[in-house]
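Same chain, two partners: chain A is paired with chain B first, then with chain C.
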Partner chain A sequence: RVSSDGKPPKFQPPPKPVIIDRKTQKEETRFLSPEFIPPRGRTDPLKYFMERKDMIQRRKVFNIPEFYVGSILAVTTAEPCASDKSKRFVGICIQRGGKGLGATFVLRNVIEDQGVEICYELYSPRIQAIEVLKLEKRLDENLQYLRDALPEYSTFDVNMKPVPRAAHEEIPVNKLQVRMKPKPWSKRWERPKYNIKGIKFELPEHKMKAAQKWSQPWLEFDMLREYDTSKIEEKIRKELSEELEK
Partner chain B sequence: SVTGACRAIQKLTRVRVVDNSALGNTPYHRPPKCIHVYNKTGVGKVGDKILLAIKGEKRKALIVGHKMPGPTMTPRFDSNNVVLIEDNGNPIGTRIKTPIPYTLRRREGEFSKVLAIARNFI
Partner chain C sequence: MMPIWTKSGEKRAVTLLKVQDCHVLRYVSKEESGGKTAKLLVGGKNVSPFSKPESAHEIFKEAGVPPKQKVTTFNVTNDAIIKPGTPLYAAHFRPGQFVDVTAKTIGKGFQGVMKRWGFKGQPASHGQTKTHRRPGAISTNKAAKVYRGKKMPGKMGNIYRTSFGLKVWRINTKHDIIYVNGSVPGHTNCLVKVRDSKLPTYKDCNKNPPFPTFFADGDEELPEDLFDEEIFQFTDPSVTFA
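Up next is the complex of A and B:
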């Protein structure tokens, strides 16, 4: 800088540090339930738009919490034949299927040494309450292998207390490796098409190698199977936030 | 090799007797098998009566749960469960520990005695 009158230049204070608060920034990617994302196909998007309107209407009246495959839920449904007209079932979510209003989730539990699975429809008016007792994710999207695993991995206490979760923390991933009953299983889970990471395979080496014969390594590079949902998700998130604010 | 168990109950399916009757719980070298389903179709669902061959004798039984997925909101069990019954509908056992679906409660008239000995409902 050119000094004025030979004096030293005016003191310039250093620039203020810019504080980037990582925690508040993470809140922007909020959870979007998977049944909102329309599947890849040739159906008219108007159908999904109308279904989404109905889904938002239902969500305004009834709270459907965020949950993933592997979290433990307690569902109370209206039951005409029960003595107090309602029935409560606690279980681990094995899979979430269906899109739009027909979205379902299956809960599994072992009661009195008998494995029971119930498939509930998320938007059914018979459901009176859904509570998340433990929110966590597992290593796979589909836990159907729990049917062939030792029953201790599917037993959950019916009177379990909800596990408190600190707000705005990352959802914990349970890296549990499950031990299986002896073969035969309902499906050959060791085959690469199921891509299961949550089983501790105690099979001999030659069997694991023989299972790799059915691998299809070209599938991940297949461009016709690609379905990029990022833009669709953004649009749907905008729609949701606008509708829910009304 | 052994064939995988059938999902709904039909002729020759191996079933699991769920009450505490002597016939159902004493071990035998052959599992109890269904030999006839009292239905227009030969496929038995929850609430249907079947004929069972246990320990060399024929007995009627009531299906209380099967492996086949049914309508949504109904439970799907991991084994085909059956309760031994006499011709007039009286159960032979005195207690049923395993859970029974609520859908049986609708037919209260036919199965009232079986529902009376059941402990948990699902």
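Up next is the complex of A and C:
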């Protein structure tokens, strides 16, 4: 280096190392249950505010764990007709629907060679416990194609033990490609409208190409369908964290 | 609309109605109006004065209240007269009460006979020529005329209709919201008139309602939420059947 005025250059200490704490970074994008995000519409936001108050109130008393479509859950509900007055059902979550207090999730299992799907309401007072036996995600948001898949993909042991999971770990994505029963299926899952990535299609090439006829490539560029929820989500997350701490 | 659950675990649907800036505008005595009872004019939601003609501003100036979007009349007995200018709140109603809700239905425009009156129409095939949703015959031969009031195509909706006997499940005094059982005519965010039910089964169901109305500057301190006895409150633990 060229020294100024012939004197040796002033000692520059090395830059301090920047420590990126992975754990705090992950807490920033914490899980927000999808039923909290209000749908796009002309309803007064006050209505969603009142619903959220009730939802938070229920969550304070009863723990609704974080789960995704594809995780295996066990739900105990109160049944007036059962001998023990309660019923436990284990299954894989196929879909999560509804917004606000009416949010539902459908669990599927195959019991004694009979496929059974039960739709539970998340905030119903008849639910006594929800345990997540295995927390994982799948390649799709909607696993209704399991109805047309081989039954081995929907059978889960009723007395399954919960799979332990370390805290602050990324949620594993199960990239399982499911094999289907022979056609006809309940819906034409090969069509691009369903956009399914979790099926191993063993159909001939010309059928897969013919299904692409129903593709709508302009849909992803349609600006009127855009619904940016990032700011809404931030506000709701703040509200939730404040209320649950009380 | 929102779901609520009863203490036995059954689900009911409720509509949320917000009481937004309601004020009593004028008292019309029985002789003046010419009816059987005295009337009270009540105004709804606040609106800018430019949307109303100057002639309509008089009532609001007398009462000392900003101009309202809707003005309705309530038939009142002589002991329930309220001074013009008093605000009306959701706490006027109590949970467990039964209520009639009137509103203008959603306008569907000019509609055919199948949608408007529920006619069956004609089959889609088997030789029908240009006749699938038509009314068919409109009168008999002997009548030699079409009767008045014959169901025919026309403008559907956008008329006042009432849902009777709706139970009030919950009242929120902080935001002035009434949770009313079932559905209510009208689109979301439309103006609605809520009255005590006139059905004979619910004649004696009101036990000590706030009479003539709930006054905010009175001594009564109400909790933020008033629930009906049968409603499941989310502060309680989950329902179990013994």
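Just so it is clear, the second predicted complex is superposed on the first by the 230 of 246 C-alpha atoms of A that agree within 3 Å, B and C clash if a C-alpha of one lies under 4 Å from a C-alpha of the other, contacts with A are read in each partner's own complex, and residues count from 1 in each chain.
As a convention for this text, a contact is a pair of C-beta atoms (placed from the backbone, for glycine too) under 8 Å apart; a residue touches a chain by one contact, two chains touch by 3 or more.
Here the structure is a predicted model, which is why all the values come from computation and not from measurement.
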Room on chain A for both chain B and chain C (clash or fit): fit
Contacts of A:S124 with chain B and chain C, given as first, second, both or neither: both
Cα-centre angle that chain B and chain C span when viewed from chain A, reported as a multiple of 10 degrees: 70
Which of chain B and chain C A:D44 touches, first, second, both or neither: second
First, second, both or neither for A:I64, with chain B first and chain C second: neither
Which superposed partner A:L32 touches (first chain B, second chain C, both, neither): neither
Touched partner set for A:L101, first chain B, second chain C, both or neither: second
Which of chain B and chain C A:K85 touches, first, second, both or neither: second
Partner chain in contact with A:A211 - chain B first, chain C second, else both or neither: neither
Minimum distance between Cα atoms of chain B and chain C in the superposition (Å): 10
Contact residues common to both interfaces of chain A (with chain B and with chain C): 79, 121, 124, 126
Touching residues on chain A, where the partner in the complex is chain C: 41-44, 46-47, 50-51, 54, 57-58, 61-62, 78-80, 85-86, 100-102, 121, 123-128
Contacting residues of chain A [partner chain B, same complex]: 77, 79, 81-82, 87, 89, 104, 111-121, 124, 126, 147, 184, 186
Contact set on chain B toward chain A in their complex: 4, 65, 69, 72-79, 81, 97-99, 102-103, 105-106, 120-122
Sites on chain C touched by chain A in the complex: 2-5, 9, 11, 16, 18, 172, 175, 177, 188-189, 232, 234-242
